[in-house]
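What follows is chain A paired twice: with chain B in the first complex and chain C in the second.
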Partner chain A sequence: MWARVARLGRWALVGGHRAFATEVCRGGGRVTAEVIAHLERLALVDFGSREAVARLEKAIAFAERLHAVDTERVEPLESVLEDRCLYLRPDNVVEGNCVEEILQNSHRVVEEYFVAPPGMCCAKYFNSELRPEEESWWCVKAL
Partner chain B sequence: MTFLFSFFSLDHCGSRLGTKTMLGRSLREVSAALKQGQITPTELCQKCLSLIKKTKFLNAYITVSEEVALKQAEESERRYKKGHSLGNLDGIPVAIKDNFSTSGIKTTCASNMLKDYIPPYNATVVQKLLDQGAILMGKTNLDEFAMGSGSTDGAFGPVKNPWSYSKQHKAKRKEKPHAESEDPDWLIAGGSSGGSAAAVSAFTCFAALGSDTGGSTRNPAAHCGVVGFKPSYGLVSRHGLIPLVNSMDVPGILTRCVDDAAIVLGVLAGHDPKDSTTVQDPFKPFTLPTLTDVSKLRVGIPKEYLVPELSREVQSLWSKAADLFESEGAKVIEVSLPHTSYSIVCYHVLCTAEVASNMARFDGLEYGHRCNIDLSTEAMYAATRREGFNDVVRGRILSGNYFLLKENYENYFVKAQKVRRLIANDFVNVFNSGVDVLLTPTTLGEAVPYKEFIKEDNRTRSAQDDIFTQAANMAGLPAVSVPVALSNQGLPVGLQLIGPAFSDQQLLTVARWFEKQIHFPVIQLQEIMDDFSSVSENEKLPSISLKQ
Partner chain C sequence: MAALMLRFCCAGRRWTLSCVDGAFRQGRGPLTGSMSSRIRGQRSVAQHSFTTAQKLKKGEREWAAVVGLEIHAQISSNSKLFSGSQVHFAAPPNSLVSFFDASLPGTLPVLNRRCVEAAVMTGLALNCHINKKSLFDRKHYFYADLPAGYQITQQRLPIAVNGSLAYGVCIRSQHSQVANKTVRIKQIQLEQDSGKSLHDDLRAQTLIDLNRAGVGLLEVVLEPDMSCGEEAAMAVRELQLILQALGTSQANMAEGQLRVDANISVHHPGEPWGIRTEVKNLNSAKFLAKAIDYEIQRQINELESGGEILNETRSFDYKLGCTVSMRDKEGKQDYRFMPEPNLPPLLLFDSESLPAGADPQQVINIDQLREHLPELPSQTREKLMLQYGLRPEYSFTLLNEVGLLEFFHNVMKDTKAKPHTVTNWVLNRFLGSLKQHSLAVSESPVTPSALAELLDLLDGRAISSSAAKQVFQLLWRSPGKTPAQIVSEQKLELLQDREALEQLCRATLEGHAHVVMDLKKGNPRAINKLIGLVCKAALNRADPTLIKEILERQLSS
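Here is the complex of A and B:
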């Protein structure tokens, strides 16, 4: 085993370093302002700071390493259970009548509805100066 | 080949019950004590509750469900009196990671987003434990939404590793004794199921549930000196486990010995109509057979796991463990998992992508935190999520959305899924070549002090710390971390065994054999638990086992 480990040591030094070395991202790794705005819109999470953008850039640079792997003619693996039939239960109602319990975790309800503020289409939703026009309309979402 | 192991049996699952206090026993042992009436479920529950209070500084629990526990203990007591106990788990104190839904008990995921959330239902695994009469002591601490490897990134503060306060570590600690302030340089518990691992390690419960997406059960198990088992994907229901990465998440089991993990698995495993990814093959709870002959066993040592970052001590213990298998007649073979070095990056992309999708449910509308901004629905969503999630979670959501952008989808997400197949195939090839089980380290080294740990950011840390554990999740394989020895710092080191998919019973059988050979020492926390002195007689013997 000792000899084995020593032998492995040299081998792994080559492979292992590849895994932890920093790498330069394609195209300099900069994420454009448009992409940032688009991501914030999609994720409904704001970056909030330059560090957060830098973190994304690092995450992308790290992901670039995937491109070193030859995946020609390899099918993507979505689930390790791909060879088994997916179980579907019969489409019968077996539970229910728990509206009260479900609603109790919401901060704002009217009768059996969750209440949301008015307006979904506000381009600059992060900008608190912009007020939606139809102020009086509140969205409700049925349970 | 020199034989380096002693064969005294004084580990947790060993005999000599007379010298152990109740809390120091294994689950099976304390279950026997309950059946024989040596202790009642209420007494046992109270002992655990009082120890939970004494060890509150570990921050292992987010919620202690004292009232519920005492009520459950009373019910259990009635069953024992009538002679109708429900089985091995009846009256046994257990803890649940705070990302499993518990009806009527807060489930926070260690996030401000869910800090007041009370689920209206139980996760299937929780329900199964309760149906067997287990006593729920509380909900354990974790990294926010289980994203992390230290249990340092939760909204309720970090978990402290009980070994920081052990006699073994204090005796070997490098730092000067006079610098001992009120709270010395305490060590991280590992993560993300650090609260569960610390709870089991500090004797406040006999088993705990963790979750394991990239190593979150095995990593803290290794750092806290307990057994951490990740079952095959599809064997145990995820219904009610708040998802991180649906295609890799599995409920994990933390116990003080392998046998106990098998008992808990017996209760949890099996098809659940509420989780379509549980397989329908019938599952029969098993008693682990005692393995006496390992000469037919083929143990694989993946050469790619010997990375430069691996500590010398762990490397040496790994090597000695391989020697042990060999000296007992097993065939130890060097094997190759050529895509190992891409596993972490592949995981990084798949994890953030699934996180981006999974975290979309937290919008402040139906449950969880809701901000005060009412300008528009989107403004409300965005502000809620800014207030509710920590930097790590927000960062992963943003990265995931980036990888899922139309123009990036093929390049990153689908590419990662392809690499995932290569990684999974590596394991298939190795197991098809006749290897029964793989032996690897669980972590690169022992637990590090909190101050050291937080110098690196979460992503870097997770990428390093999950390196040995995470491929098993990619391939859906069962894996178990077994504590093997103490380092020069008096801290636990764990080694991992990985088996083919759905070979859980065989894997645990081998793990139990392995555990029996090495007698990992019992943690000595006398100063915390004054009634624990009697366990200390173990203190000399185990040091001969897997020592340098």
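Here is the complex of A and C:
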């Protein structure tokens, strides 16, 4: 489950965050500490090292090349399914009742609950008191 | 039609809304003649619920409050919005979770037809424009009970927009009269519910139950057309009744099927609106009005003492009775909305646009849903007023108390007594007794048929009205018995023996010569006193009209 968080987190970084991209541009390709802090909070990742930030800057520079494409008067394509019918499912119960399988993905389980750290989110940004080893399984390190 | 007219009245500047209502003026001291009704309404807004409300000193300025609501109603359906797992309250943890609900890779959302129909029906009942094309979006935020890291909602193009909700507010100064009000509805959107977090502070951990994750929600956004807690509470109550009448949501606040967030700000009349705060999770009908009024007063106090209002999220502490800052949004929330790539646009049809030969399972016809809308609370009230000549405020009470309308109908069905009598008994004696014992209608020891029988006895002049009250009390205490049994056990039947009554009257006249003197001196009310005395002597078993007749004859002879 937490692996997925990491994947989504990184995906969110690459998936064009416009305000952020413009800020990066203004910084001449360098990502400011402020933007990093904002991103860390949004995506629940911990950049930790200068190396990780450099990798992020490279990724942004790579994506920046998209700006070379002229998209004037082109309607954005939201989904390749947009001219397809949205299938409507009858209101029947056909899934669920698989708590053992679902909980297999959990790092920690109490009775039949998933266990997450207390508080809103990542300790680093939300002032909850976590021990370092506790944080490591929750807050994802940027690669 | 009525709703339309109301809406028209309220189309002007927002604060004109509160002016019709004199509800909160009472007890606030005399108003100066020059003050317009508009200002009065505004002032009443902020202070009506505070018993310590002090009179405004000279030079002190008025405050007006603005309240908007976001209401989440859980859709009443068998399965979730995008998955086939069951919707059920209080099931064992994580037993109602599909792979999609747990956000396992490779799973895709499949839209539940019932949820779409529920949204359309709710939109129609709230006079909304139904968008024939609506879109789904992802709203991103990280929380342990939202496994995907985003919620599927309808941010850009919701399923229904631009509606209105008519509701009634009690005018306290005019003994429980009802003022009609309207709040505009900005939009209704379909979205997923999140799971539930149980915080275990002791062991510094949070337990996550995903049973609720993915349940269909209707988010109803009410425009800031309300100006105090009571208005908000009554609007929510009306919406709750509508959802229940439609069957689109059970809307039980105690089970979290109806959750309310309020946006609140205050300003001086004629000036721009103030900065607003959002009070989250007003999940109790009882505290809804209280929390909003508290927040209004807090903002006024803050501004009057030179402070400023922060655009923040607050929660209401039920135990302390105040709102506290949640401090969870340090810096602006950024939800990074984006189109949901796995769901094509949702298309709806009407009878005209329905494609020929379309699979009926796959198309939703708005006109057809409109035709099958059940009776709505406003129509029920109108019918009650028309059919039984009920006063508007009585029709509101009958609907607002859970189960009371059904009880009333069941009594009406079984009795020959007039609607007026039945209403009187149901709303005063019956409801009063329930309140006194803190019982719900369903917990009443008196059944509708027992009350119907009692009212028949009263109507057929078998017992006097004071005896009927006595029987009612005994019924309440010994639910197994029938009214007829109690009447015969307690010997409460009306005395039919003319001779005995004549004697009783004569004895009373002789025993109370001074009252007779009073009467002869020209006090017309003295006769009532005599009737009362005779009735008392007859242990409530005498018919007052008959006694009056006998007394008058005896006095004139």
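Quick note on the criterion: the second predicted complex is superposed on the first by the 90 of 143 C-alpha atoms of A that agree within 3 Å, B and C clash if a C-alpha of one lies under 4 Å from a C-alpha of the other, contacts with A are read in each partner's own complex, and residues count from 1 in each chain.
One rule holds for everything that comes next: contacts are C-beta pairs under 8 Å (C-beta built on N, C-alpha and C of every residue); 3 or more make two chains touch, one makes a residue touch a chain.
Keep in mind it's a predicted model, so treat the numbers as computed, not measured.
> Is A:Arg84 touching the first partner chain B, the second partner chain C, both, or neither of them?
The answer is both, since A:Arg84 touches chain B and chain C.
> Tell me which partner A:Leu42 touches in the superposition: chain B (first), chain C (second), both or neither.
In the superposition, A:Leu42 contacts both chain B and chain C.
> Looking at the overlay, does A:Arg55 come into contact with chain B only (first), chain C only (second), both, or neither?
It touches chain B, and chain C stays clear.
> Could you look at A:Ala33 and tell me whether it touches chain B, chain C, both or neither (first, second, both, neither)?
After superposition on chain A, A:Ala33 lies in contact with neither partner.
> Which of the two partners, first being chain B and second being chain C, lies in contact with A:Glu75: first, second, both, or neither?
A:Glu75 contacts chain B only, not chain C.
> In this superposed model, does chain C or chain B come into contact with more residues of chain A?
When the residues of chain A touched by each partner are counted, B comes out ahead.
> Who does A:Gly96 touch here: chain B (first), chain C (second), both, or neither?
A:Gly96 contacts chain C only, not chain B.
> So, does A:Phe114 touch the first partner chain B, the second partner chain C, both, or neither?
A:Phe114 sits against chain B and chain C alike.
> Let me check the overlay on chain A: which residues of chain A are in contact with chain B and also with chain C?
Common interface on chain A, chain B vs chain C: 1, 4-5, 8-9, 12, 15, 17, 38, 42-44, 78-79, 81, 84, 86-89, 98, 102, 105, 108, 114, 116-120, 122, 126, 128, 130.
> Taking the touch rule as given, give the residues of chain C at its contact with chain A in the complex, in rising order.
These residues of chain C touch chain A: 77-79, 83-86, 92-105, 110-116, 135, 140, 142-144, 147-150, 197-201, 204-210, 328, 331, 334, 336, 338-347, 361-362, 364.
> Note which residues of chain B are touching chain A in the complex, please.
Touch list, chain B to chain A: 1, 117-118, 120, 233-234, 247, 271, 273-274, 276-280, 301, 303-309, 315, 319-320, 322-323, 326, 332, 334, 339-342, 344-346, 348-349, 352, 356, 360, 363-368, 370, 373-382, 385-386, 389, 391, 394-395, 397-399, 401-403, 405, 411-412, 414-422, 424, 457, 459, 463-464, 467, 475-476, 501.
> In their complex, what parts of chain A are in touch with chain B?
Those in contact with chain B are residues 1-2, 4-5, 8-9, 11-13, 15-20, 31, 35, 38-40, 42-48, 52, 55-56, 58-60, 62-63, 65-69, 71, 74-81, 84, 86-89, 98, 101-102, 104-108, 114, 116-120, 122, 125-126, 128, 130-132, 139, 141.
> Contact residues on chain A for chain C in the complex?
My answer: residues 1, 4-5, 8-9, 12, 15, 17, 38, 41-44, 78-79, 81-99, 102-103, 105, 108, 110-122, 126, 128-130, 134.
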